[in-house]
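Below, each structure is written out as structure tokens.
Shared between the two complexes below is subunit A, which has subunit B as its partner in the first and subunit C in the second.
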Partner chain A sequence: MTETATDVKEMREIARALLAEGDVRVIIGWEAARRGARPVFVTDPAEADRLIFDARCVHNLVTYLNPRRDHVAELGKIGLIVKGCDVKAVAGLLREAQLTRDDVVLIGVRCGGVLEENEMPAAVTLTRDNVAPRCYGCDNREPTLFDHLVGEPQPEPPRPAQTIDERIAALEDRPLEERWAFWTEQFSKCVRCYACRQVCPLCVCERCVADKTRPRWIEPSPHARGNLSWNVTRALHLAGRCVGCGECERFCPVGIPLSLMNGKLQQIVAERYGYTVGDDPEQAAPIGDYRLDDEQEFIK
Partner chain B sequence: MSDGRFFISESDLRALAADLLGAGTEVIAPVAVDACASPAAMASSACMRPGMEPEDLEYRALTDASQLDLGRGLPILSLKGYFLPEHEALCRWKQKGTTIEIKAVPTEFAPRVVLAAKPCDSAALAVVDEVMNWDYQDDLWNGRRAATTIINLACPVIDESCFCTAVGAAPDATTGADGLLMPVKDGYVLEATTEKGRALVEAHKARLAGSVPAETLGRQAADERSAASARVAGNLEIDAGSVRDWIDTHFEDPLLASLAIRCNGCGACSSVCPTCHCFDIVDEEEGVGRGTRRRCWDTCQSPTFTLHASGHNPRDDQNARYRQRINHKFAIYPLRFGEVLCTGCGRCTRVCHAGQDLVEILQAIDIAARRPDEAEAARRARTGDLVNIYQPQLATVTEVIDETSDTRTLRLEFQDEAVRESFTFKAGQFGEYSVFGAGESTFCIASPPTRAGFIECSFKAVGKVTAALREVNVGDIVGFRGPYGNSFPVDDWKGKDIVFVAGGIGLAPVRCVIWNVLDRRDEFGDVTIVYGARSVEDLVYKRELEEWASRDDVRIVTTVDPGGETKDWTGEVGYVTPVVEKTAPAAANAVAVLCGPPIVVKLTLPVLDKLGFADEAIFTTLENRMKCGLGKCGRCNIGPVYVCKDGPVFTAAQMKALPAEF
Partner chain C sequence: MSDFEPRITAFVCNWCTYTGADLAGTSRLHMASNVRIIRLPCTGRIDPLFIVKAFERGADGVIVSGCHPADCHYTSGNYHARRRFAVFHDIMEFIGVDPRRMTFSWVSASEGAKWRDVVDEAVTNVRALGSFEAYRALAPVEDRKA
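Our next item is the complex of A and B:
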């Protein structure tokens, strides 16, 4: 990441002006904290200089636009700093009528990839070993959905040691029994903290199926049945909606490789429905868009 | 070895683990796992980048002693799950028609051993023992505790999120454990600290060497132990008692009420926490007419944790839920059980990629509790909210009381509602009272802090400002800045006798303390008041003197100077000092509060000394000329002491150490 002070300055100036003129009540971006970069909520124009942008700015802040976030909505109209990957989630919320375009002012930043982890004292140069694998092949380093766009065009991020697609392929090479053993073991680690759901910008249900009790669709105990139901249901609810930001996997305290499952589902959606998630809210998504030529062998 | 310490090499430690396993004992210990522990082939291709070493640790039941990982990381999950499993059956049921059969679950467990537990994890078990036994005894928990022998491995401190020493634990503590392994050259020193620990040592003596010089090992181990404690103390130092009391009294404070803006409301922090023990109880049907009632981990961070069936939720947003977590750990639990519900492992901070940082939060609460000025300065620096310290608040005069022909008391109420509600002060503090056009003047706050909503000042019209204050009437507006200065340490006087000695208008600051004490009468011993003035006319607060005289829990002696008495005067006649001597209050377990004209103070001090009052037990308040009250105008110094900042309350001992310039 070749972060230049001008990019950040420009971003701060826009944030300051938006707050000072009352166009927004809060700017959500990143700050440098004790343990690295983290989300910051700036409400006072004088505090706009807290904003940073560098390769540690991993978080998909669109999660704070999620309608479940009452305590964020209370702050008033939001100005949000977004990378190209993040803004796909804004498009998702718009597409699903969870948000209207006037609800938010988007400050897009041109991005050359981010690190896998935000917790480091300063940004370091991206390498094959530290780059977030999801950045490989990014098709939206320069967002098209924004109100303000800052920064210079950025180079492509390095290729990671192993891409997500390569990992999925490696898993698929294994026989069914081994794959089952693999996921059984992965899900056995789950403690049902629901971090994956809470951080997901597109988990928008007011009452999650996992929290419903009449009937109890998903057993809350973190045993094999409950964990399989939860993890599979969560992934399926994101099929054709997941933007691949990887926040679920990053926040998982026990390290379940959810990107593999999400990635596989997005591959299937691409193959069957010709759909790849982008940042155009008008682009119809497989869920909510019926076409006569859709494959529908399951209702034969 | 006689002192109960043994040397054990790493290979012998593994052999000891193997012995236990061989005997059929379950051995739980840190085991290195790759990020996607799984059948080996799968792990290397799908989950692991080539060349990457497994880096995560988990507490696992060993299947082979070679798995025991004595590397020093912190396992992802704490030991909690081995005592309060992520889910466990409470009972099972089978129903046929109207017959229900309940199948009990065992509360006795096979003996097992935990090796190389982290001290913060064993300490957490001891903390949770309290809630599991404070009334009903949770034998699912107790059964597992009783069956388990835990040997800690002293911790070299992992990173900047560790803070065990700030919450009463330590990197080499054995709280909640039965023994400690202390790394030394070529092995470990093993020390058993409980009967269970000693039984383990006794049963495995063959693996323990007794020939290593205990003193050398002791010293080496001790150096390492103190270095680790110093490292962790560098991360965070708080006063847990002050933090507890502050949280308990600041429920609505913005610092507590808006902690969670970046929080996603997941339960990762409580899942990885060694002390979070809240659970849910659910019925899970496992077929027609049969099922299991289970408890499983739950979290206060989830909206459904407190959601009523009606839809009402008492903690209905994330800020409220996050406050609950802090409140439960650092106020509720210590208030109920005497211990902080946290052992400083730092897992919650490390696991939160949104940046909720408990070290930072506790630091902020500790500063608010112990150094409020610094908290305010930090807030102002952050918000750019600059305040002119010289600008007074406006206050309305709501009552005017003539104490004597030249002394008046004004009762004031702040105009600003927020100031009226938030204004607090302590007995002995003062303020700057002003009449616009005349200026500011310094008096103590004469009303007690135990009576909220107003303040009072009493003054004699002697100068320009006091003359102007003499002219104000009910409904007029005056200015006030304050409260400033230190205060009488009334809380330290609990259980003691208190003797008040005042002369003339000097009763004003003393009156504040008297009412403060009388409003909390049960907390103190005998109360004696000796008050004198030049004449009967010059006695201030006459109504209150009568009220105090009519109480049977106050001894009051009033006196007037010779010649100042009237015909119907029933009090003493004489100067205050000899009357104090004559009254002779007991000095044992007593404090004296003395205030009056300099001559009264000067003459009464030796009398109190003669009566047996130590200089440290005599308190007075100084009235040097002040303008700013803020330690800046440079007027009130006595030597290096600023009366406005370091005073106005001083003990006789402190006064005697000052240059004689007051």
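Our next item is the complex of A and C:
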């Protein structure tokens, strides 16, 4: 890309003004690097031109607002560049009182999908073979939670060769024993690095249950049994909260298909409670809420 | 296999099911003796992790039981639990755990007979499914118990 796109120019102008006027102390966005886009912290208005936005900007930067990262909050007020999926995580933090709206200035970018593999020197056109599967069916190309919004309305991202829902359905068509074999095989690869937890914008516990030793709820050594406990617990703690940004799966060094687990959770809360995660902080989350007439077909 | 006796852990609410199970006992109802009861203040206190832990420690099946809707001693604990266990139930089925290993029920303090039925049905189901060897086989070798 030789010419700077208008949305990027607009984004840089906003970032520069926010920093120059002292509205924020740091802008967190993406910059171009040798191996593709990467997160960048810009504190000097003169450096606002480092900011970029294109299909390589896969990272969910909301992880920097996670209250566990108090060293980021120490920098001062944050200006954050967010895609439609990312801003749902901001809404999640606001919903759960982990953040107040005044803590952050949100620069929303209209996004038409990102790449699955972002490590390339320049952005390429999205196709069914390179699009991140999670972008299919994106319902937040027009975010509602922002202070500034840049870019033109975007088209729907291309349909990937196999969507996450299709992969889940394919798995569900297999008998129980095969599913058990599939997941225990996947979980047995886990090295318990907890990258999935560390990168998740919504894993907000100061002290994770996986780190507790009295009692030791989750066996810490990486063997299949403790790994199953960990992965089931991680998933359950995100039920009705996960925004599907896919960072856990992208960060997983051993390639556990966590998006299938998270996607299944989203399907469960959608089917049972009609809940789809959005970017409205006022929307009640399904777990922690209830209705008197909730389905209970599984209870005797 | 023929002498297989299922081990079943029951997590029950103090206010309803525990008293219901007590009533079943004092009424001298006959029921399977495979269930170990763990008494908790409310179904809302039962973290799904308890169930995972029970399987880890050798349970072949699990029962979770508490107050009927609208009867919760703490007003809404069972409603919260109902949602949590609905999600847990579905995700466990997704990863390949037979849902018949997990019995969820509402048993009030006066339903001794229902408790007996719940227990008998759970034991029958788990007996048919057999020991949950698949779970125990996940453990490191030195941890595996016969």
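Here are a few things to note about the model shown:
Note that in this section the second predicted complex is superposed on the first by the 291 of 300 C-alpha atoms of A that agree within 3 Å, B and C clash if a C-alpha of one lies under 4 Å from a C-alpha of the other, contacts with A are read in each partner's own complex, and residues count from 1 in each chain.
We take it that a contact is a pair of C-beta atoms (placed from the backbone, for glycine too) under 8 Å apart; a residue touches a chain by one contact, two chains touch by 3 or more.
Predicted model only: the values in this text are computed from it and were never measured.
Shared-chain residue A:Tyr273: touches subunit C; no touch with subunit B. In the superposition on chain A, contact of A:Lys9 is made with neither subunit B nor subunit C. In the superposed model, A:Asp44 lies in contact with subunit B only, and not with subunit C.
By the touch criterion defined above, A:Arg101 lies against neither subunit B nor subunit C after alignment on the C-alpha atoms of chain A. One of subunit B and subunit C touches more residues of subunit A, and that partner is B.
By the touch criterion stated above, A:Arg159 is placed in contact with neither subunit B nor subunit C. By the touch criterion defined above, A:Glu178 reaches both subunit B and subunit C.
Contacts of A:Ile287 after superposition: subunit C is touched, whereas subunit B is not reached. In the superposed model, A:Arg34 lies in contact with subunit B only, and not with subunit C. For the contact definition in use here, the residues of subunit A common to its subunit B contact set and its subunit C contact set are 171, 178, 181-182, 219, 221, 223. Residues of subunit A touching subunit B in their complex: 33-41, 44, 46-47, 58-59, 63, 69-72, 74-75, 118-119, 129, 160-162, 167-168, 170-171, 173-174, 178, 181-182, 185-186, 189, 191-199, 211, 216, 219-223, 226, 250-255, 257, 260.
Within the complex formed with subunit C, the subunit A residues making contact are 171-172, 176-184, 188, 209, 217-219, 221, 223-225, 228-229, 232-233, 235-236, 239-240, 261, 264-265, 268-269, 272-273, 286-292, 294-296, 298-300. Residues of subunit C that touch subunit A in their complex: 48-49, 52-53, 56, 69-70, 76, 79-80, 82-99, 103-106, 118, 121, 134-135, 138-140, 143. On subunit B, the positions that touch subunit A within their shared complex are 35-39, 41-42, 45-47, 49-50, 56, 76-77, 86-87, 160-161, 260-262, 264-268, 270-272, 280, 282, 284, 294, 296-297, 299, 302, 304, 316-319, 349, 351, 353-355, 357, 359-360, 382-384.
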